[in-house]
Every structure is written in structure tokens, then in C-alpha cells.
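Chain IDs A, B, C, D and E follow the sequence of writing; residue 1 opens each chain.
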Amino acid sequence: MIVDNAVYVAGRRTADPESLDETFEVLRARHGFAWIGLYRPTPEELDAVTREFDLPALAVEDALAGHQRAKMEKYGTATFFALRPARYLDAEERVEFGEVHLFLGDDFLISVRHAESPDLGQVRRRMEADPALLAKGPLAALYAVLDQVVDEYAPVVAGVENDIDEIEDQLFNGDQEVSRRIYELSREVMALQRAVHPLVDVLESLRDDLDRPAGPQHPAGPDEELRDDFRDVHDHVLRITDRVDSFRQLLQNALTTHATLVSQDQNNEIKKISSWAAILFTPTLVGTIYGMNFEYMPELHWVLGYPFAMGLMLALGFALYTVFKRKGWL
Amino acid sequence: MIVDNAVYVAGRRTADPESLDETFEVLRARHGFAWIGLYRPTPEELDAVTREFDLPALAVEDALAGHQRAKMEKYGTATFFALRPARYLDAEERVEFGEVHLFLGDDFLISVRHAESPDLGQVRRRMEADPALLAKGPLAALYAVLDQVVDEYAPVVAGVENDIDEIEDQLFNGDQEVSRRIYELSREVMALQRAVHPLVDVLESLRDDLDRPAGPQHPAGPDEELRDDFRDVHDHVLRITDRVDSFRQLLQNALTTHATLVSQDQNNEIKKISSWAAILFTPTLVGTIYGMNFEYMPELHWVLGYPFAMGLMLALGFALYTVFKRKGWL
Amino acid sequence: MIVDNAVYVAGRRTADPESLDETFEVLRARHGFAWIGLYRPTPEELDAVTREFDLPALAVEDALAGHQRAKMEKYGTATFFALRPARYLDAEERVEFGEVHLFLGDDFLISVRHAESPDLGQVRRRMEADPALLAKGPLAALYAVLDQVVDEYAPVVAGVENDIDEIEDQLFNGDQEVSRRIYELSREVMALQRAVHPLVDVLESLRDDLDRPAGPQHPAGPDEELRDDFRDVHDHVLRITDRVDSFRQLLQNALTTHATLVSQDQNNEIKKISSWAAILFTPTLVGTIYGMNFEYMPELHWVLGYPFAMGLMLALGFALYTVFKRKGWL
Amino acid sequence: MIVDNAVYVAGRRTADPESLDETFEVLRARHGFAWIGLYRPTPEELDAVTREFDLPALAVEDALAGHQRAKMEKYGTATFFALRPARYLDAEERVEFGEVHLFLGDDFLISVRHAESPDLGQVRRRMEADPALLAKGPLAALYAVLDQVVDEYAPVVAGVENDIDEIEDQLFNGDQEVSRRIYELSREVMALQRAVHPLVDVLESLRDDLDRPAGPQHPAGPDEELRDDFRDVHDHVLRITDRVDSFRQLLQNALTTHATLVSQDQNNEIKKISSWAAILFTPTLVGTIYGMNFEYMPELHWVLGYPFAMGLMLALGFALYTVFKRKGWL
Amino acid sequence: MIVDNAVYVAGRRTADPESLDETFEVLRARHGFAWIGLYRPTPEELDAVTREFDLPALAVEDALAGHQRAKMEKYGTATFFALRPARYLDAEERVEFGEVHLFLGDDFLISVRHAESPDLGQVRRRMEADPALLAKGPLAALYAVLDQVVDEYAPVVAGVENDIDEIEDQLFNGDQEVSRRIYELSREVMALQRAVHPLVDVLESLRDDLDRPAGPQHPAGPDEELRDDFRDVHDHVLRITDRVDSFRQLLQNALTTHATLVSQDQNNEIKKISSWAAILFTPTLVGTIYGMNFEYMPELHWVLGYPFAMGLMLALGFALYTVFKRKGWL
């Protein structure tokens, strides 16, 4: 599906072509650049832009197939980006990963989305409100998309951090489910690392390109503003990878701590159980003694022998209870 | 055994020589390149190609001996590749590793296979259907073989991933066999890493060669299409190493989690066992009390003394059962 | 809030302007450099300096937003520093992190503080007492601030080291709370690493700048004294990262050791409990024997049968006690 | 002891001098190169070659002292190699490390052996059978020695691999000695890593030397055959380090798995023991009940009361046995 | 305190000045170089040399303050070294760290010692006995000091190795104190790593300096002998770091192994305790049976009923004992 399809000249939307063919004509007539948004495109749609913009065949295949790792690949006529945006699903306390592919050329940016998020329409609206920036061409649009994707990692990181806080509470409150939750969260954190880490290299490579003197892809030479913008995204990515890496460490520590707490728990329970066993057992000893069949056992003939024995049982039990209570075993 | 043996000129199969000697003659007459497929070759067969194409002696020894690590070695007259293809055996839930050796020269590609897989015949048929690509010479044939080997890792990765999912289920369902399975799967994952990781360097080295200006091995200068093709294989290898590395981490976590779950299990069982011990023991206490030999024990003379004692035993047992049930120990 | 606001010429405070506008005028008139200290500035205050000194917009946004990772970012007109000073709160045995942002230009240093510490007023007073150093311009003031921030890490490191010593005592004294404390301290040590580690790169980058021949930011060429000063800070940072990294290792070891100690503890308790169980149980055996109803049991008819049985019980119990004591189980 | 001592000209043994002095004379007369094999040399013997060939004093000291780490050190007049060959002692299932030192010059190779293995005599005989290779001078002899040392690691690696297989069997068969064996084998694997790992750098450095254009140590310029030979050794070393590194990982995993298996074992034993305790205890409960002294207990007066009670005991015991058997506790 | 204070010309001690001022005069008169040994110097003493030799102020502060990490810092007029020598205290089985600071200039070497060891007086005597080496100037003296410090690590490494051997014995003999000892030894090993590791970089940096062509600090160009000497020290440092790194690994393994052994121990004890519980309990069952009050129990009326019951008890106990002994539980 073609979600949006416009040609921008000097940062302003100059045409809302009704079909891709019209877009290509307008673009050739007025120059400027085309920004085309596709959502789960049909092979035909992808084929049309591929032919018009001479997109690299292998990258187009990747975009159709999906399940790409986050990466940037430079081809002769275009640069291909695969991004793995993420969303935190509050209800399920789970991270969901999407997939966005971008083709960047001298006069076009084509986005291929496979999931609802991220909201690239909003990105476009924000850019259209800033014609000065948009006038810098497809690289500015690329920045806007990258910025959006990276910004959307922030709530994911916050959600995972919140999960870790909850896990810590569960950990020290003896919740048995916590080992499963730690295991599953580490799995998600690893997936998040796989999504975010490659962006560090992607953004460093973009920065190096922008620092290079004038060339085909940026004929006006390095643009300071754009370079700072990309650096800002780079900085956000670094902040996120920092956090995510520390999450992994924390979860590892939580796992080890949990093992120890479980053992400690067992120690405490063994003490408690043994205490109660002793408290229950002492009366039995008394009962066994007065169950002996000796002919000459004075207590047996006392009128108050039975209450005496029962009292002895209770007294011993209570004494043991007090002893264990004092030792902290109960 | 010589599986297939053909000379290609301008991407088309021009001769089906009946013997190696004929191949060598045809090759000298018509130029083009020879693509020879050997399967567990006799020393004589290997000797013939070694003499004709001046293959490096040490590499030929390696190819005869087998059990090579995945690698690429450049010699003066040829480049030697050792690949470790893999198959996932569904029945045994096991990864099986094969071995393929390749000799690449200016006008030949010789493959030496030691196992059934991979199906190099299919690779050849696919290439013969694309003469434009095959016309690029032995490097194109090399690409086709590498692509096949790397593509065949995908089902292996899927199989291992499925094993890990099963292991996770076993883990949280308390299956005792899981530690053995984790241990054995990590061993396979390590073998898979040893097979796949060296390919990253091999493909980077090939890419660097292809980026270099015109030279003896590619006299026409860098070929963009071929370079992109090799990069595509490189990308697949990276995707696979990413996955395999994360498998290792996951299995490590599973091992640690399992240790904790086993301890937690023990805690629960100790509670359960102690509860039943207490439930069994309380009646004994009652019995011991009424087994005492005091002269003056009113209950002993009651007509309903015995049923009363039995009722007391059951009541106490039931009371304890309820208490433990409520505390979640049973 | 504008905490302090002065213009320095040749290392001496030449003006105490009442408003930022006055500062800017004075600066233009007398040259020298402005050192402006802001504490949780209003957007208007930050706006004024941003316009006057042409501060980079993205960095100003970061400074307003806070929660930056420690870093240095060079922009065309200014260099932005984000620092994470730390304090050790003795009462709570906790590390508290602050945040300081700096903008360094050819003729200004602007500090933006978000927390009480560090005491930058003190830094300024110390520098005003050393006009020779201050005459070297904003870089000297930057050095003074960095030096203060790094020096303030020393008591934090000492505090954490003290915590680790306490943890070791708790560890070998069997304090149950120690696993929680280890876990929480590792979390703080990780936060400390995140605050301190980036400074290594920041200071190496500054050193490289200072080693470079004369240029716009230091027109007089490399200043040996300043370079040595920055190297001194660098050395302190390295000393701190060394210590902090080793803390992490120590805590990891403490966690593993604790797990073993808990198991060892359990072994000892099981031995102790079993010993007492045996001591309690042996008299029961004696009692059970003399509770048998055999017609011909000589002891039952002895006058001293009952004391004999009781003596036997005590003797057996005492014998077992001695045995277990000797084996070190009690 | 001087084990062998010969001068080679154009790859042929031309003299069997009776003393070192004669060797030196022959060498000066006929050129070629000397290959001298020493076994635990006396300081005098070492002194003679040191003076004649101007060996570096510090390296000679190292060779006398022994206990060197594997390394290569270039001095002005000679290059010093310390190698750590290894043997697998089948009887003791232990790896034994030897030590060989080599001095390589333009016209000599001196080997100093401190242990029986490796068999350098055999290396010499093999080389003397290949005069073409030996004619390439001392570097060819060096290659032969390195090749022998590296080849002798293969049975060691196989032996350790076999140990690991045995350990895995012990592991899953519950052999208690396995933790000691794992610990000791990891110690040996670490020693093996220390012996083999430095060879990677040594061989890379040799390869770089051989790739360099003509120079004093190889006046004829790079020799392709020799370079391929050294690369072959390099490849073997890489294969061995790969295996040895994976051994370490495997043993680490075995250690962790073992800890879990021990806990799991405990769980199973606790269940078994508790089951038997319950089976033994139930008859006691029955016995206690019929030991009560109630006046009105009908069963006590039954003629078959006693067999009934015994039957009840057996029946309950058997019922419990069946229940536990079904639950898999027994 | 000024321990020694001499001026050397052409490798010979030419003056024993009575005060620092005299030293400075002699040095100016006769050239050569000054070698001054300070032990816990007063600020005044340090001040005198600082002024005379123009020592870098920040390094002098470090030398006064102590607690420096091992490092080398080049200043304009001098190079500053901080070393952390170590001693193994046999009595306490503990490693003690000292601190030595060195200032190296074109015509001086000043050592500042803060602890008894290392014995720098002995270093000086050894150097004075080798005027040829000493004639090479302050660098030769620096070599001698470094050599001494590094040589003194050898007994420390041996001591720690011995501790590890003892720990291994304790480990497999079930000594409970071993976890504390492992923990504390790892702490020392980490401190040793911090002392030794930086020397690798220091010596590599010195080597690079010595390889450089003639310059101010070594006007005669690279000196081969000195370079080999420093390389020898470098090699020793590498040998030590290798050992120390492997100690850390070994202790880590020992910690993990210990945890498993403790669990295994528990398994064995639980089996032993349960066996004895069963042996004790069976007679109780017999006693309980014959304590039942059935009217018709033939055994009760046997004359030998009582001995029969006692015999039954013993027989059952002995039978169980034999069974458990055979299963290896006792």
C-alpha cells in the first residue's frame, strides 16, 4: 500500500501525485526529491519504484522478505537501511519489534514499513512544518525517520527498567516466579541489544560521510546543522545502548542473587521445620516414658500423674518454642 | 569420483568432456573456465587436476586429509577454501557437519566434497540457467557455492532455535533431562560458531579483493554486481553469527536458571514432605499419650474413649492438612 | 538562577555585571572571558546566553532536559560537556549522582548545575586566587571544574570501599542481608562506572587537542602547564576507574562466595539438627523397649527398673552428645 | 650434550665434525649452514657456540635457566625461539610439557632441548631426505622443527578431547570424582593455552618477515614454498588453539552442569529417603494406636486382632510403596 | 632521608657529596649524572631536587602523597615512574605492596622509596660493579631498578602459587575455611594484577623510545645492549602477568568447584544421616509392635519373647547397616 507519496522542492510539498508514475514525472520535471511511504507493499508497487530509482535488487529482496538485522548497506545508486523499531506493550509487559526499511538516494527517500509503528506519517508532518530543514533533501528526511525510531526506544527502555524494578521487589520478597521472569526479560534485553547496537555503527558511518568534503551524495559539502542532528541521534543511541547493556548485567546479577536467596530460604525453612519437629517430638518422649511397663513407677500411681505428664509435655514444648524463637529459628 | 566436469565459455556450457584430460585440452583450446566437481576423489584424480592447474601441494594435502577448520588461503596459483556446511537432522535433533573444499583459479573452480550435502549439482544447474552471471567466471561459481552453503545454515539455525524453545518449556516444567540437553546443545552451538565465524573474515577478505582496481584475478576491474552478491552472502553470515552467538548466551542463562529452579523445587518438596510428616506424626503423639500407664486416666475408662482418640487423631491430622494447604505447602 | 557571573581579563575579575546583558557588553568592551554559573536556569536565562554566545541548540536542549550521559561534544562555536558528579551519603550508605553541564568557547565558560554539589563557587574562589593560571582563559576554568568533579569521586570510592569491607565482614559472619546489599552495591558501582568511564575518553580527547600546534581554540599553541594539569586529572580518573572496576570484580566474587557459604551453612545446620534428633530419639527407643508387653521381662520387676531406664536414656543421650561434639557436628 | 652437529651445503650434509671447533672451521671454509643439536648442554658447550655465532647473552641465559614462556625474540645477530612442546601421557591421563630453545642465524640453527621429546633427530633425518628444501638454509630447518612441535600437539589435543568425553560420561552417570577431574583438566587446558597461543603471534611475525622483499636474513627475497610451509604450520596452530579454547568453554559448562546435577541428585534422594521414611513410619502409627490403654477397644479382644494389626501395617506400607513408585519417587 | 647520593662520570662513582647542594655543584662541574636515593623524604629534601632538576610539580606532589597506581608519565624535563613492588610475607601468607617513585632526566635518576623493600642499595652496588653498563647513563640505572622490582615479583608469584596449591588440597579435603581463603587470595591476585599489568605498557613505551633514532634523551641513538636489557625485563613482566592472569582463572574455577563440592558433601551427609535414622528407627518399630495390647499375641507369653524381640531389633539394625554399607551410603 502506498501510504503517502509526495515531491518536495526547496522544502515545500509541491505535488500530491495520484500514482507512482505521476510522481516520477513530477520529479523529473521539477527536480526536488520524492518521499514515498509504503506499507507492506505489493511486489508490483515495489517493482515500480525499483525500476524508476534503479534500487539495488538484493536490497529490494531483503525488504520484501523482512526479518533483516538492523544494518546499512551502500549500493551504487542508493543506500539501504534496515531498522528494528520497538514498542513496549504495557498490558503484556513485553517488547514488540517492528521492521522499517529505507532506500536513500540523491533525490528520493522510500520507506517500507511492515508494522503499524513507528508512525512515519507524524514524522512527515513534523518535517513539512520545518521547510528549512526539509530543503536539505532526502538526508534530512532520513534524519527525521531515524530520530523517530530512536526516540521510540526511550519508552521501551523505561518499560524494561520498570520490569527490572519489579523483578528486584519480587526477588527480595521471595516470589517463586522471578527466575522465569528474569530469564524471559534477559531474552528480550538481548533482542533489544540486537536491534539497537548496529545503529551505533550506522550513525558513525553516516557521520563520517557527512564530515567528508563535497561529493555526489551531498554536493554542497558537509552541512553543519544536519551533522549535529545526526550526532544528536547518535548520542541518544549511545545512551540507550549504555542502559540496555547495564540491564543485561543487572539481570545476570539478579539471577545469581536469586540462586543464593533460594538456598538461604531453604536454610531458614529447614530450621523452622526442625524446630517444630523438636517441639512435637518432646511430648512423645514423655509419653513413651510413661508408657513403659515397670512395676515400680511412682508417678503412675499418683492421682495427678496424668495431668502432671500432660503439663510436662506442654511445658517442654513451650520451653523449646521459646528457645527457638529466641534463636530466630521460628 | 568426478561428479561433474564442464568447460564454460561466455557463461554457456560448451563441453562435457569424458575425462579430465579432455577437459584440460578443451580448456586450453576454447579458453573460458572449467568447473569440476569431485566427490571423495581418489588420490589419482586429485593428482591430475593438481598437475594441470598447478594447485598448491599443501592445500591439496589438506583437502585429502579433511577435518579442516573453515578458512581461506591464498596461494600463488590458486585460492583454497575450506567450508563446513551443516545440516539439521530432525529425527535425532542433532546438527551434522560436512566439509567442502574449493580451489579457485583464474580459469577454474574445483570443488571437493566429503559428504552428501550440500547439493552442489543444484547450484550448478541454477548457475547454468543464468549465463550472464556465469559469464563472470570462476568467481561467480564460487559465489554460487558460498551462497548455497550459507543458505543451508538457515534451517540449522531454525532447528537449534526450536530446540531452545523446547528446552525452555522443559526448563519451566521441571524436566530433569534438561541439563543434559542444554549441555549437549551448547556443545553443538559451539561447533556451529566454529563453522560459521571464520566465514565473516573470508567474505570480508573477498570483498576487499573485489573492491580493488583491476588485477590478475579480475582483469576487468571490480564488478559491482558480483560485489553486491558477495556482500549479500556476507550479510547472511552476519545474521547467522548474530543468532548463534545469542543462542550461546541463552543456553548459558538457561543453565544458570535451571540450577535455581532445581533448588526452588527442593524447597517446595521439603515443605511438602515436612507437612506430610507432621500430619502423620500428630496421631502418633495422641496414641503415645493414651498408651501411658497412669492409673488415673479418665479417658481410658470411657466407653467411647477409643473412638474419641481416633477422632482426635483424624481431627488433628485434618487441621494440620488445612493449615499447610492454606500456607501453600501442599 | 544566575549564581555568579564575571568577566576576567588577564586572570583578574574585572567586572561583576548585574545582568547577563551587562556581561555581554563588558566582554565585548574589555575582551578577556566570561565565566557564568547557572543553577537550574530558567529557559529565558539559558536563552540569553545561547543567543549571545551562539551556543549549539541541541546541546542547550540536552542541558535543559538533564539526564545526560557523561560526554563531550564539539560544535562549531562551543564544546559541550556533561558531567555526572557523585556524593557518598554516609547516613544512607548510598551514592547520589548530580549533573553538571559546561559550555566552553573561546571567551566563555558557562556552567549549568542541576544539584547542590559540586561546589563550583569554591572552584571559582580557588581560581581567582591564582590569576596566573586563570589568565590562560576558559580552558583553565574548565580544568578547575573537572578537577573538582574528579576529586569529589575520591570520597565516593572510599565510601564504597568501606561498604565492601563491611560486606566482607557480613559475608563471613553469616549475615543474611548480605546478598541484598551486594546486589544493591553492584548496581551503584555500575552507575559509578557509567559516570566515570566516559571521562577517560573526554580527557584523552582534551589532551590530544592540547598537544596539537597553535589553533583557534588555543592560539598560543600548546600550553605545557595546562597540559600537565589535564593529564593529572586524567591520571586521577584512571586511578578511580581502576578501583571501581576492581570493586565490580570483588562484588561478583562476594556473590559467588556467598552462595557457597550459604550451602556450607546448611551442611553444618543439617549436621547439628540431625545430631539433636539422634540425641532425642535414643531415649525414645529405650522407652519403646520397656513399653513392650512381654510377660517375662526381668527389668520390669526390678525395684530400680525405672531409675535404671531413665539412667540408660540419659547415658545414651550423653554418649551421643559426646560423640557428635567430638566430630564437630555440635 | 651435543646430540648432532653437521654442516649442510646446498642441502647436503658435507661434514660430521667431531667437535664444535671443527664445525666452526668447516662452516667458514665451505659456507652453507650449521645445524647443531644440544641436549641439556653444559655451560661450556653453550659458551662455545655463543662465542662462535655471537649469540645474544640474555637469550643464552634464558636457554640455560629454562622455564621460559613460548616466545620469539629478535636480536641483532640471531633470533631466539622458546617452544613448549607437549606430550599426552596415556597412563596418567596427564599432559607433560617440555621445552625447546632455538637460535636462528643466517648460517646456523642451534636447538637446545631440555626433555626427551620432541624427537629432533627424526626431524633432521626427514630434512636430510629432502635436500631441495634443506638447501633453503636455516629457515627450512626452523620450519621442520616448528612443524614437528606443532604436529606433536595433535595427539595431546586428542587425548584431552578423550578426557572430556570421559568426563561427560562421568558427569551424567553421577560419578562424584568428576568435579576434581574437571578442575584438574581445566588447569592443564590453561597450561596448553599458554604453550600454544604465543605460537600464533610467532608464526604471524615469521610470515610477515617472509613476505618482505629481499633482505639480510633471506637474501633471495621471499621464498614462496617456504612461506606456504610456514603458513601451513600457522594453520595447524590456529586449528589447535580453536580446539583448546573450546575445551575451556566445555569444561566451564561441565562445571556448571555438574553443580546442577548434584542438586538434582539431592532432590531425588530426598524424595526416596522420605518415601522410605513414610513406609517405615505408618506401621509405627498402627502399633501406637493398638498400644493405647483404652478399656473398650474391641480389636484388642479379637482372636485375630494381632494378625489383623500386622496385616494392616503391611497393607499400609505396601500401599504407600505403590503410591511412591507411581509418582516416580522410588 | 637521603639514603645515597652520588655523581657518576663514565660509569665510575666520582663523588660522595655530603649534601644535595654539593651534588648539584659537582654535577655541573664534572657532568656525568647524579643518582640520588631518597627514603620517605621531607618536603624540604624533595624541594631541593625539584628546584635543581626542574622536576614536574604535579609528579612531585604525587610522589609526596603516595598511593599512586603503577605508571609512567613524560614531562618536559623529566619522566616520572610510579612502581608497586611487592613482597610475599611467609608468616602471614600475605602479599605486601610497597611504592617506589623514580624521576628520570638526562643527567639524573632520583628514587623515592616509601617502604623498606626493594633494596635499592643492592641495585646500586651491583651497578657500580659494572661501570661499562653504568656509563650508559641514567637509563642504565633505571633499567637496574626496574629489573630489581620485577625480579622481586618472582617470589611473590611463587608464594601465591603455593597458596593455590594449598587451597587445592583444602578444596578436595573438604576444609570449610577454603572459601574465605579463595576470596581473600583473589583479592590479592587482583591487587597484584593492578601492580604488574601497567608495567607492560611502561616497558613497551620505553622500548619504542629506545628504538627511535638519536634524540635529546639518548643522543647516541639507540643502544642495542640497553634495548635488549629492557626487553628482558619486558619479557619477565609478561611471564609474570601470564601467571597472575592464570591464577585468577584458577581461583575462579576453585570457587565454582567448591560450591559443587559443598553440595556433593551435603548429598553424602544426607545419605549417611538417613541411613543411621533408619537403623535407629527399625528397633522402634519392633518395640511398638510388641507394645500393642492385643489379648492374643503369642510372642508376649514366650519365655524367650523378650530376648527374641531384642535379637530381632539388633538383627534388623545390622541388616540395614549392611545394606547401606554396600550401597556406599555409610
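We take it that contacts are C-beta pairs under 8 Å (C-beta built on N, C-alpha and C of every residue); 3 or more make two chains touch, one makes a residue touch a chain.
By chain, UniProt protein names: A, B, C, D, E = Magnesium transport protein CorA.
Everything numeric in this text was worked out from a predicted model, so none of it was measured.
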{"item": "Minimum number of chain-to-chain contact steps, chain B to chain E", "value": "2"}
{"item": "Intersection of contact partners for chain A and chain E", "value": "C"}
{"item": "Classification of the chain A:chain B interface as same or different, half of numbers criterion", "value": "different"}
{"item": "Equivalent-chain rotation between chain D and chain C, CA atoms, steps of 5 degrees", "value": "145"}
{"item": "Whole-Å gap between the CA centroids of chain B and chain D", "value": "26"}
{"item": "Centroid spacing, where centroids are CA-atom means, of chain A and chain D in whole angstrom", "value": "43"}
{"item": "Residues of chain B touching at least two other chains", "value": "256, 259, 263, 266, 270, 277, 281, 284, 288, 291-293, 297"}
{"item": "Chain contact graph, described as a line, ring, star, complete graph or other shape", "value": "ring"}
{"item": "Traversal of the chain ring from chain A via chain B", "value": "A, B, D, E, C"}
{"item": "Chain A-touching residues of chain B, taken from the complex the two chains share", "value": "168, 171-172, 224, 228-229, 231-232, 235, 238-239, 242, 246, 249-250, 253-254, 256-257, 259-261, 263-264, 266-267, 270-271, 274, 277-278, 281-282, 284-285, 288-289, 291-298"}
{"item": "For the chain D and chain E complex, residues of the former touching the latter", "value": "56, 58, 62, 68-69, 71, 73, 75-76, 176, 179-180, 182-183, 186-187, 190, 194, 255-256, 258-259, 262-263, 265-266, 269-270, 273, 276-277, 280-281, 283-284, 287-288, 290-293, 297, 299-306, 309-310, 313"}
